[in-house]
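Letters A, B, C and D mark the chains in the order given here, with residues in each chain numbered from 1 onward.
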Amino acid sequence: MLLNQFLLLGALLFAVGVYGVLARRNGVMVLMSIELMLNAVNLNLVAFGLQHDVVSGQVFALFIIAVAAAEVGVGLAIVLLLYRNRKSIAVDEFDLMKG
Amino acid sequence: MDWILENAFLIPLIPAVSFLVILLGGRSVIGAERVHKVGITAVGIVWVLSMLAAVSWITRVEDSTSYKSDDAEHAQIAVNEGLSAASAGGLDGELHLAAEDDGHGADGGGYATTEPVISEVDGWWSSSGVDFAVGTLVDGQTVLLLIVVTSISLLVHIYSSEYVKGDRRFVHYYAFLSLFTASMLFFVMAQNLVQMIVGWELVGVCSFALIGHWWEERPNTDAALKAFLTNRVGDIGLLVGVIILFGTFETFSIDEINTKIGLASQGSGPHPEHFALLMASIALMAAVCSKSGQFPLHTWLPDAMAGPTPVSALIHAATMVVAGVFMIGRLYPVFFEGFSIGTSSINLMAFIGGFTALIGAGLAFAQWDIKKVLAYSTVSQLGYMVMALGVGAWTAAMFHLFTHAFFKACLFLGAGSVSHAAHHTFDMREMGGLRKHMPHTYKTFVISTLALAGVFPFAGFWSKDEILLGAYEGQEGAGSFLFLGQYPLMLIFGCVVALMTAAYMTRVIWYTFWGEYRGHGHPHESPKVMTVPLWILAVMAVVAGAFNLPTPVLEWAGLEGLAHLVQTYAEPTHYLNAIGLSHPPPSFWLALVGLGLALAGIAITFMYFWRNAGPHGLTERNRYAKAGYTFLEQKYYLDHLYTDIVVGSIKRPIARAANWFNDNVIDKVVNTAGEGARDSGRWIYRWIDQGTIDNTVNALGTGADSGGQGLRVMQTGKVQNYGSLLFGTAAVVAIVFVIVL
Amino acid sequence: MDATGFDAWALTLAVFLPAVGALVMMAVPRARELELKMIALGASLATLAVGVYLLFAFDYGNAGTLQFGVHKGWIDAINADYILGLDGLSLPLLILSMVIIPLCVIYSWEHIPEPGNAKALLILMLILASGMNGTFVAQDLILFFVFFEVVLLPMYFMIGVWGGENRRYASLKFFLFTLFGSALMIVSFVALYFVATNDAGAALNTFNMSELAAAAGGDLARGTQAIIFAGLFMGFGIKVPMFPFHTWLPDAHTEAPTVGSVILAAILLKLGTYGFVRIALPFLPEGAAAWAPWIGLLAVIGIIYGALGCLAQTDMKRLIAFSSVAHMGFVMLGIATLTPIGINAAVFGMVAHGIITGMLFFLAGSVKERYHTLEISRLGGLLKSAPRMGWILAISAMASLGLPGLAGFWGEFPAILSAYEPGAGLSEGLFRTYMVIAAVGTVFAAGYLLWLFQRSAFGEPKPEWEGHTIADVNRYEWAAWTPLIIAMVLFGWVPGLIFGMVDDVSIGIAESISAAVGGS
Amino acid sequence: MNLGALLAFVRPDLDWHALAPELTLLVVGTLVTVVDIALDDKAKRIMPTLAGIGLLVTLVPILTLAVDGAERPMFGGAYVVDDFSLVLKALFILVGYVVVLMSVDYVREGDYYENEYYTLLLTSLLGMVMMASSRDLVSVFVALELLSIPAYMLAAWRKGGPRSNEAGLKYYLMGVFASAVMLYGMSLVFGVAGDTDFGTIAAALTGEGASPIVIVAILFVLIGFAFKVSAVPFHTWAPDTYEGAPTPVTAFLSVASKAAGFVALLSLVFVAFEGAADVVQPFFWVLAAVTMTVGNLIALRQTNIVRMLAYSGVAQGGFMLAPFAVAFEGDAWQLPGTDITTTPYFAIVVYAVIYAFMNLGAFSVVLAVSRRTRSGDISSYGGLFSYAPGMAVLMTLFLAALAGIPPASGFFAKFVVFWALVGAGTPAGWVLAVIVAVNAVIAFGYYARVLQQMWFEPVPETVALGVDSGGDDEIDLAEAADVSADHDEHGDAWLATETRQATMVRFTPGKIPMTGALAAALAITAIATLALGVLPGLVSHFGDVATFHFGG
């Protein structure tokens, strides 16, 4: 049972996701990166679930997938709103409020 | 018969009431122009009461002792006997109770000492479970002062009703005269040290108020402040001294303290630490210096002449200024042991007294203001008294206090009368030839002068002679220095001062009453209201000496019974015998010396002025003489020392410095604390400098403020920076924990 | 100790009557000033009436024990109860605050400072009254703390709203200083709860002050006591204020409106010294012994320092404010000696200072009202233009410089006296030095007060006041001042009135201290 | 993997009584939507009423459960209804009710979607109510998202307003990012423990030493919630979001969702991570110290009241976190006569309850005042006391509470924190206590600035219109347009505001337009704040009963 490979992959995905969230300016891309992170989590859960031979891991993963869908929906809605108001979705342009 | 002695509290109470009456009802009810009647009545009553007190005290002494010591040997016996009595009384530690029953109670074989009458109420204040009583202590010394104070005060009250008539503050004047009388009486019958402090301070305030009576003029108020503050300086000594005594004897009661020392010196009681007594004596000496105008704190007294003349007569000549002397006499055992007067041949008190007497006399020469002359003369005479106490001549000192009160008061009132006549000036250069215009004043003035100079048979002669005698004989068992007796230096001082006194007083007479009138206006004799008191005092100045004549003088008349009245009746034998105080036998030739000096002084001055002999204009020709004269004129520059240097340096620089310290250092401490906070905020570079907007002294705030300003840089407003911060921290914390744990 | 019948309610009434008055006033519209003033006066007088009842019902026989006790549950979760009690230590101070407040109300009758709004001012005064009375009778640390803090905001607003030029700064400074102190103080309180033990070494876990006092630190190590004491010291010392922490005081006093200064000087400062006597000393005897020399040092520094500060002032009110530093120095010196007489002196000093300095601030206020300035150099001839006020100023000044026969003396003299033989094995040499310094301080006191008096009251009125009519004392001022003047003289001649109340308590405290120190 | 596990699945029997609150809330939420659909615009009037009543109804089952008092674990301990959860559910519902009251006129006057607003509010509340009962990673996660996602939308509610959009964006991105991190941590926890329910986790961790994976797991999870309670340095979203979001929403976030975060932390720390004290305590020590200090310091510099309150909320969060630093030292300090497990736990619950009311109160006042001043500048509070004394006094009360000055409730909250810290008896506790004390003083610095404005300052001539204002740009600008009769400004007003230039308009003081709902909100919070201060016994009683069902 190659747990470590799964974990490494998960870690990698997570890292990529984090990078994406922090580095990409395009709002949509940021959302995608977040998806990456969540999937990394799912990968971990499933892997651990197998290792411990319990079902709750997969159940958790399913919950996350469902919730993630909702999240992205909201996220896209917000991005759309911004686009309508600012004609831009570059997340780093939004700094009306600071300090 | 002892009723008045046990209810002596009435005596100060009455004038106190009259003070309130005058103050509150003065203008409205009584009417400003009639208030003096209230005051005079009150003091009159008090005078009668004091006389009653005197009589009943004398009878008390009579009952308590069938024997009067008339010479030293007997005195010794009396002492020893008395001691057994004292110790007998002392051992049960309930002295003041023993005092209530008659004097015989304690005495073994007829040689008894008279115990003071102490009546007190407990619970005046209390601490650590101990109740401190308030009450009165009446004995010979008290009675003596009662007589002096009430008599002079009464006369001054009467005199003032003319002298101060029509003054803008007639009412306040009489109010404070009453208050002063009350406080002074309260002081002299104080039963414990705290009461003594109270009275002491109160008379000070009255003097403050009366010196500053005409407070519109700056000099008067300055003088008043000077008087009060100088006295406060001395009061440090008073407070500390009293505290030391309390620490040593665990009581404020004068009676207990004196008795304990008495017992100790007889070995029949625990011995108080001599060092403590010495310290206490020195501290109290400071108080005496301020109140009784002793060197170096005497400088306020001449300035105090800014007050109305009757006030000077009452407060700054006859009564208040002798408070210090009285206090020494009251606590004599303390000083006697503390300065070991009995055995030393010089001590602080004696020296200060003698020295003051000397410089006072010296200064009196350089004055043109008649009141100033009298003031310095007072200083000098007070020095005489203190010196007397310093050499162990208790009786002499009190006797001199007694006589001096009368003739000095007379002199002051005389001066007042003169200025009343001569256009309210006190400058002798504007007087002269007044003897023709105001005979009464002149006569009384001369009489008192003779008394002050110590010419036989006037009062001053007798008292001064006793002081010299005391200085010469000192106490039994003390070594004698050459032929000059136990206190040679004091003896010399005494003699020199006797000479000078006579001299400068004669000078006053010359400038004031002889020669041609140099002032303006037409001088005239003062009305009866003023001259009658003068005459009364003058008479006293003649006869007062009779109250303590030495035995030999009376032997030929077979009147030994009347000898040493003051010594017999006024002396608190109960305390003084216990410490083994002896009375020197009279000495004829010493009396001669004293008289001779006085006459010599008069003679020299007479030659100098009347016969125009001697080195006239010396001060102009000889620069040493001139220097000396200016030195005197400048009062030894002491005032410069005090006002300019001491006060000046405190009030201006130091206080300023303190204030500066307050504003710039103390506040800045908080400041710097804040600086720290600010620097800590500076690690977030360039934002800090624009911080510190509301720059308050509370820089802790400022620092925090700018710290916050700095921290705001975290808040870039860019969501991704937030994200990086979040994840970065997470990673860092995780790593740190992994490493640490 | 729990009382019954009316006695059980007396203290509660004393504390909350003013607050009730404040509530009622809130309901009354601002326009109807007379009613408002009436209500305020009524409430404060009612409180005073309770105070009078207490004075008579108080059992002076055992003033050392708490009376009129109330003990009800309050915050079970932390064992903090609603405990009130009155003993010889609290009584004089409680009465003092009960007397001062109505006087302030009367004085405010016609002297509502800018920007007006009598309603708010009076309400704040009443709230202050509740807080102060509560502090003096609370017998539970948390309750004490609550009341101790309640007074902060009203005073903050009083200074800030009705204050002078610099009021924002002064009020904030006042608040932050005090808050800082009390924040550390509450930590110490909690620490006391957890670490205080009885002699057996068992943890007490109580906020009940009488229990903690009885334990007298138990078997706590000297070091621990000193640390906890430090927290209390900050809390109370800043309030007093002691020398290095005093900087808030002159500003607060100078800026505050007249009644504000009066209340501040007369009572608020006493909360600190009261805290020392009631809490710091008995709870942590060894801590106190460890700190006493330093407290004494700061006290005498304060005496001299405050006096010098006074001499440098040109503003009458600021001068009086600085004099408070000096006077509280005497109080703290008395406390630092840890002797019964010292503590007596301290309490007497508190009351005396309350009366006298309160009076002086009243005067300063009235002078300011008439001359529109307090620059000493511009005043002068007060005795001529307003004789009565001048003489009142004279009496107050004399009282303040500790003249025997007036109240001030009994705060100073015994305090100096107590320093001659400090308790609890403190160094005699050191404290005797303090004694002398303090004695010197009395001269300075005379110096600055008489100097003030000479400049402001003596002499001719300054020409610039030609034409101005300087009104003499009006009837509201008489009403507000007469009691204070009477009190000055009364306590000056019958000091036993206060010493009698306090003595038992201070004996108890001093004994427990010396026992604890000696015992270890 | 074995199908057995799947086939063996049997539907767990549901305890309907225990679920009643959640179900009621759900029904109300749905009802609101349905009614909206049914009679869309006519519904507007009754919407808030409906939501309010629904919330009050929800209290009923909570009370019955409380009376019943039994602990009701469900789903194998994944979802527990016990005193603790009930107390907090009640708290959430009350907070929700007050927020509804605050919202009524605000939402009505701004042209927003009105009905959905309440639906989302209720949904978010449902998530919180669930959070109180969750004792399992999955249920915690679900509850968390259920309360967050609607909140994201509420933050962005003023769809026209640039600030509101930005607020929503920041909140959303940070939220999901944080929850992703948290989830990663959870996955690791699951990996270590082998199951998702706290009992198992606790058991597993107690065995484990502090292995790197455990540390990372725990920290990531905790950080996920540290974000929710806006602890420094995970607070960055809070000020911006608070400032941008509609003020009632801000109140809701700053109180309810923060409380929810603490609920989660409580159950996590005290149940799941019991065994990992050596990781949890130091972490929280640092977190608390940094949070309160930084929050206070930055708050000193704020000029906008909502932003100031945001930072003050951060600092308050720091105070609330402090007891965690001694979470497991407290056992020795069993409170006499009570069955509270540990003082730190007690302190946090009490603080949360008190904080909720005083903060809501402050926001209500801000809301009310801005109706007059149309500005969020602290300077716009000048002279408030002179023309609206009542409002000034209320604000004073709430600020005093926040500053922890008796007799306002806040002092007791601070006190219990000291209590917990000193009670622990460890040097760490003592030091942190002193830090808290000092911070309490600093905090007064910025509360005082508002007090000074209200009491000491004169009424300002002009106020900075809308700029930095508590989110209600649109109203402000709309009315500003009326004032300065310049409609072009309205369209691109946000451009003007982007450069943070204030549009100053003349300000005329006057009576503050009050509405029943707002008045009610003020009354509730004020009474609560005062009562909890004078008789803290009440809230400490909640603390007593709020005992935990430990273990799975």
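The rule is short, and it goes like this: a residue touches a chain if its C-beta (ideal position, glycine included) is under 8 Å from a C-beta of that chain, and two chains touch if they have at least 3 such contacts.
In this text the structure is predicted, and so the values were computed from the model without any measurement.
With centres taken as mean CA coordinates, the chain nearest to the overall protein centre is C. Placing every chain at the mean of its C-alpha atoms, the farthest one from subunit B is found to be A. Of the two chain pairs considered here, C-D and A-B, the higher C-beta contact count falls to C-D. Averaging Cα coordinates per chain places subunit C and subunit D 43 Å apart. Averaging Cα coordinates per chain places subunit A and subunit B 97 Å apart. One inter-chain figure worth recording: subunit A and subunit D are separated by 25 Å, centre to centre, where each centre is the mean of the chain's CA atoms. Separating the CA-averaged centres of subunit A and subunit C is a span of 65 Å. Shared contact sites, meaning residues of subunit D that touch two or more other chains, fall at 169-170, 173, 177, 181, 239-240, 301, 445.
Taken residue by residue, subunit C touches two or more other chains at 172, 176, whereas all remaining positions touch fewer.
Taken residue by residue, subunit B touches two or more other chains at 701, 712, 715, 717, 719, 723, 727, whereas all remaining positions touch fewer.
A complete list of chain pairs in contact reads A-B, A-D, B-C, B-D, C-D.
Against subunit A, in their complex, subunit B makes its touches with residues 712, 715-720, 723-724, 727.
For subunit D in complex with subunit A, the residues that touch the partner chain are 1-2, 5-6, 137-138, 141-142, 145, 149, 152-153, 156, 159-160, 162-163, 165-170, 172-173, 176-177, 180-181, 183-184, 186-188, 190-191, 194-196, 239-240, 243-244, 301, 307, 494, 497-498.
Within the complex formed with subunit D, the residues of subunit C that make contact are 30, 73-79, 120, 142, 145-147, 149-150, 152-153, 156-157, 160-161, 167-168, 171-172, 175-176, 179-180, 183-184, 186-187, 190-191, 193-194, 205.
Interface residues of subunit B, counted against subunit C in their complex, comprise 123-129, 194, 197-198, 200-202, 205, 212, 215-216, 218, 221-222, 225, 228-229, 232-233, 235-236, 239-240, 243-244, 246-247, 650-651, 654-656, 658-659, 662, 666-667, 669-670, 696-698, 700-701. Those residues of subunit D whose C-beta lies close enough to touch subunit C in the complex are 333, 335-338, 340, 346, 385, 389, 396, 400, 405-407, 411-412, 415-416, 418-419, 422-423, 425, 430, 433-434, 437-438, 440-441, 444-445, 448, 451-452, 455-456, 535-537, 540-541, 543-544.
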